[in-house]
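One structure, as structure tokens, below. Some questions next.
Per-chain residue numbering starts at 1, and chain names A, B, C and D are given in the order in which the chains are listed.
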Amino acid sequence: MTYRDAVAHAIAQEMARDPSVVFIGEDVGAAGGVFKATVGLLDRFGPTRVVDTPISEQAIIGAAMGAAMTGLRPIAEIMFSDFFAVCWDIVANEIAKARYMTNGQLALPLVIRSANGGGARFGAQHSQSVENWAMAIPGLKVVAPSTARDVAGLLAAAVRDPDPVLFFEQKSLYPSRGEVPDGEVVDELGRAAVVRRGSDATVVALAAMVPRALEAASLLCADGVEVTVVDLRSLVPLDVTTVAASVAETGHLVTVEENPRLCGWGAELASIIAEEHLFDLDGPIVRVTTPHVPLPAADALEDAAMPSVERIVEGVRRSLA
Amino acid sequence: MKELADLATSASHEAAPPPRDVRLRIYARMVEMRDFEKRAHDLFLQGLVKGTSHLGLGQEAIAAGFGAAMAPGDYTFATYRGHNHTLARGVAMAAVMAELMGRAGGLMAGKGGSMHLTTVGKRMMGSYAIVGAHLTIANGAAWSAKLRGTKDVVVCFFGDGATNIGAFHEALNLAAVWSLPVVFCCENNRYMEYTPISHVTAVEHPAADRAAAYGLSPVLVDGNDADATYAVAVAAIARARAGEGPSLVEAETYRHGGHSRADPGKYRPEEELQAWLSRDPIPRYRQRLVESGVDASTLEEIELSSARAVDEATQEAMASPPPDLFVVERDVWADGGSSWRR
Amino acid sequence: MKELADLATSASHEAAPPPRDVRLRIYARMVEMRDFEKRAHDLFLQGLVKGTSHLGLGQEAIAAGFGAAMAPGDYTFATYRGHNHTLARGVAMAAVMAELMGRAGGLMAGKGGSMHLTTVGKRMMGSYAIVGAHLTIANGAAWSAKLRGTKDVVVCFFGDGATNIGAFHEALNLAAVWSLPVVFCCENNRYMEYTPISHVTAVEHPAADRAAAYGLSPVLVDGNDADATYAVAVAAIARARAGEGPSLVEAETYRHGGHSRADPGKYRPEEELQAWLSRDPIPRYRQRLVESGVDASTLEEIELSSARAVDEATQEAMASPPPDLFVVERDVWADGGSSWRR
Amino acid sequence: MTYRDAVAHAIAQEMARDPSVVFIGEDVGAAGGVFKATVGLLDRFGPTRVVDTPISEQAIIGAAMGAAMTGLRPIAEIMFSDFFAVCWDIVANEIAKARYMTNGQLALPLVIRSANGGGARFGAQHSQSVENWAMAIPGLKVVAPSTARDVAGLLAAAVRDPDPVLFFEQKSLYPSRGEVPDGEVVDELGRAAVVRRGSDATVVALAAMVPRALEAASLLCADGVEVTVVDLRSLVPLDVTTVAASVAETGHLVTVEENPRLCGWGAELASIIAEEHLFDLDGPIVRVTTPHVPLPAADALEDAAMPSVERIVEGVRRSLA
């Protein structure tokens, strides 16, 4: 199954299970989504539960919020994650804070899914990796799967979670394929996966950077350097335990972020390790990120901007040097 | 200033007046709101209410009229200027007062404060402090009610200033397209914080003149006449409940004081203020009740009991201890905690 | 589907037709736009244009009519569907083509791409890819022109879908309140990406039916009739230039293809598509020119020269090398660099 | 002069100097701003250059952007920095990216000032410290002064800067007083200030956390611990040189952030030091932040949430332990 298909698969699984799950967004119904990630849902669940909206991101997210606090479990789509900027107030000021401000009175079991990241030559306004925007806001859970299987398991978990979850689908991964087990797949939020083991360094990556980190690991292996690759899978909750345990073994931490440099999740992780496990480190913590620039559109430029396998290899070598 | 007499075209004056018991309830609520907010203001001056607070003094006829027209299952969404709307749903005064004072016994244990009063149990779904946002959220509750097949209606209050923010537009359009059971009520008190709405708005009636942009009929009502607001509320809520979609009501009113505690409201022309003070909804309603044959003792009883209630609420709130500090890290998540790591 | 004949009420048909030279210029531009975009589409299919691109095939009469009505100092703001509007300002085809192909010779050296075409030197102030935002930015340019005392006017193009986003509302209100020299032109092609605008909008004419909400008069025009768009543009621009404030024009049109390269546009009923294809603005205009006495050879000359220009532009763009990679870290700041530290 | 007065002082200085400087926002003119930070500007410069707007943050910021690209140098006010969420699209997707996407064609010399931070018991939607939201977006300069003098000098510099600058005025500092020299004051963006010197640890703080860090330094001094306090003053450009030089001397870094924990500027700084100066460190990098929660309203709760002098002292001790 493709990563793309796993989205509709998981939504269908949850809508079939729970009649309070509803799904709204722009072009998500009749058109099956602009990334074709939600094909078939309208036919199967009908126009009451799968609803095409106007281009009104604030109204979409507000509707999800109001519905969640009154008994539904909405899934809302923000077509490109860049457009979170248009409705950031509802996400960051309203949804994230409502439970806390009301001393627990308001429950907001909702999911906002969105196509995130670069690689499609869409230019600076349609290519951002904005998972860190969400991570910086207390009250939001933040999930970003790297495989079709994780889309299935984590999206189901997000829908069942009693708290608001921002679910980032990396658009460069939509065509990627992977096994998704038959039957119901439901994961737990907040567990990182060790996807390769090696004792020389710990490479932590997210979403589309996971396959790149694995490629880098293969190249390094050919040179006799064995790295552990951790797929973070979720930023909130953040699985510090898994990362720290690995760093304790390897003594080296390299983070691979698609987002621009400043204040990415890699910085947070680096600061945690530098605070809590400084003396486990045998070399500098290296962060491989997109440079702190908007993403350019031309293919050659975009490829040059995003973290490449080579830059990951170089980052590991720098930590080990 | 617009001639207020023009507003007398509102449906209510032609409609039969509300029944006596409803009128008495409306009057009682307005008096409670007034007494409560005056007390809150006093406590402010004494340094017991911290932060800020936005009083609805002078605007009570809107909250009370709508409150009386709402069924217990209907949902309220309000702004930071939400004391009156909270009390209108029967929320206990003491808990509201304690919240303003930042006490453990506050409606949200002190975590929300004056601008975020919420009592989900009474379907007071929150006071929202970012202008415009809650109109979109109100839609969500209405959509949910519709999908779940309840007949509950949502009433969403906001100010004149909110009509110029994007969320207003998005919310009104979606409500109309989805034919949601929601009543949007713009309390046009003629000012945003300190700037007159007329200086920054392309139309005279910031809400009513825009109803047509959403396929809705304009509804303009004298917001200082509780019978009128009640009549308009009854009609709009019935429409929503019958599945006929949203309404956009503009209630013209005036706040007696400044925008918030820090503001003496000096930017308003004295004649304007005086004209509106002379249309204070509470004495006006009292006089109407007297004229309609309610005897003075009934009204005095209401007034006394309100004064007592506010005194008691104040005592109770003052007796409440400061919140336990551990709550700072509670209730970010449904599990009761705030942990972001494992 | 709305009867297109109804649109014939637009001012233009009563007004005298544009002078012959203007009409020829409009025709030439439309032909160039069409040829250019068809070529862009071909290059796409060959994998030479990367990413996405949004063609305005079928909508040329709007860009061309307005373009002919604008003075050189006037500012254009457009959307991601901005090829036509860019060409309308006289921007060199080769640079546009090279930008679509991600080459060093591109209008923005490949950094912007198809959705962000900009040539400040021609007062083409940008193509904006987040729906609605640029309406607010267009206001800023108009405000600046007004303050600086130039008589320059801003024309801002956007789609029907943009009328439901908050920024539209905020921009229209501010433009009206500040009486800005800006013309907002909604190209209503009846679809957002794949969803019909009528499914998600509370009014029939998403822009025109909302003009009154900003104190403006509704202006509806047949967007497939270049004389009509020209006439409306002349009037609205003159109004803005005379200090009489903004206009909101809704031009009814249709895109011949899908929303973007990925989209075959299959969600549109075949009859609807055929009806609109039969109203293709270019053959229609050609016929009108012939009827008005322009001889075929003049038109053929225009067509040939356009075909040549597109061929040359394609050659030139193909000859342009890929961009130097160092530009990735250039031009974040005015100093030419991207450093965030010292 | 108060920090508050320094705002109007700097704006007046720049408006008097350059007729292309204009100023817009909600209640900024006739009312002099809701924090009374812009009193007198309307009277002095008239309603053409000082303009009260509707409650339309997107329209305000869009107007500033369009004006900046066509020859004006606008200053726009966002009343509370929390409201950046309402116009984040124009700030983060448009303003930050315009120069880059157009290959340098569009210049955007503009300033957006805003009242930032907690301490006023305004609750979660009017108390956030959101400077990190801006820092995470390539293309924005980010300034946050801690004294009246710095307001004057840095705001003038921001207005003269050819790039978009987000200028965060910490609302808890508005009443604070400090010397502002007579005559024109103009600083340079991107220079941190060492406001106290000590050899045992480096404490880096911003805005309202600077006076707190200084208080903590005094307490520590009484106990024989001498710390350097660095006032960062601007996040972009970030003065890594000054911080790194100090850490090289002291071997200890403690950051003090008013913002919630995740992805704050302190994390970025920690990650830079852990990458480039790991072996200068003699103890863990400690970050003192507000916990990762929305800010509560009640006075006792708000005080408990924000970094206190005691927590800073404790943080330094933890790094030194």
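A few comments on the model shown:
Note that contacts are C-beta pairs under 8 Å (C-beta built on N, C-alpha and C of every residue); 3 or more make two chains touch, one makes a residue touch a chain.
Computed from a predicted structure; not experimentally measured.
Relative to chain D, the chain whose mean Cα position lies farthest away is C. For the pairs A-C and C-D, the larger set of C-beta contacts lies at C-D. Mean C-alpha positions place chain A and chain C at a centre distance of 36 Å. If you average the CA atoms of chain A and of chain D, the two centres end up 29 Å from each other. Averaging C-alpha coordinates per chain places the centre of chain A 40 Å away from that of chain B. Of all residues in chain D, those that touch two or more other chains are 53-54, 56-58, 82-83, 85-86, 89, 93, 100-101, 123-125, 138-139, 236, 262, 291-294, 296-297. Counting partner chains per residue, chain C shows two or more touched chains at residues 109, 111-112, 116, 128, 130, 164-167, 170, 173, 177, 199-201, 327, 332, 338, 340.
Under the stated contact rule, the graph of chain-to-chain touches is complete, every pair of chains being in contact.
Residues 22, 48-49, 51, 53-54, 56-59, 61-72, 74, 89-90, 93-94, 98-107, 109, 138-139, 162-163, 190-191, 236-241, 272 of chain D touch chain C in their complex.
By the touch criterion given at the top, residues 164-170, 172-173, 176-177, 199-203, 209-210, 212-216 of chain B touch chain C in their complex. Those residues of chain C that touch chain A in the complex are listed here as 50-52, 102-103, 106, 109-116, 128-132, 161-162, 164-167, 192-195, 199-201, 262, 267, 322-323, 325, 327-329, 332, 338, 340. Taken together, the chain B residues at the contact with chain A in this complex read 75, 107-109, 111-112, 116, 118-120, 125-126, 128, 130, 133-145, 147-148, 154, 166-167, 170-171, 173-174, 177-178, 327, 330-336, 338-342. Across the interface of their complex, chain C is touched by residues 26-27, 30-31, 34, 52-58, 82-83, 85-86, 120-126, 261-262, 291-294, 296-301, 304-305 of chain A.
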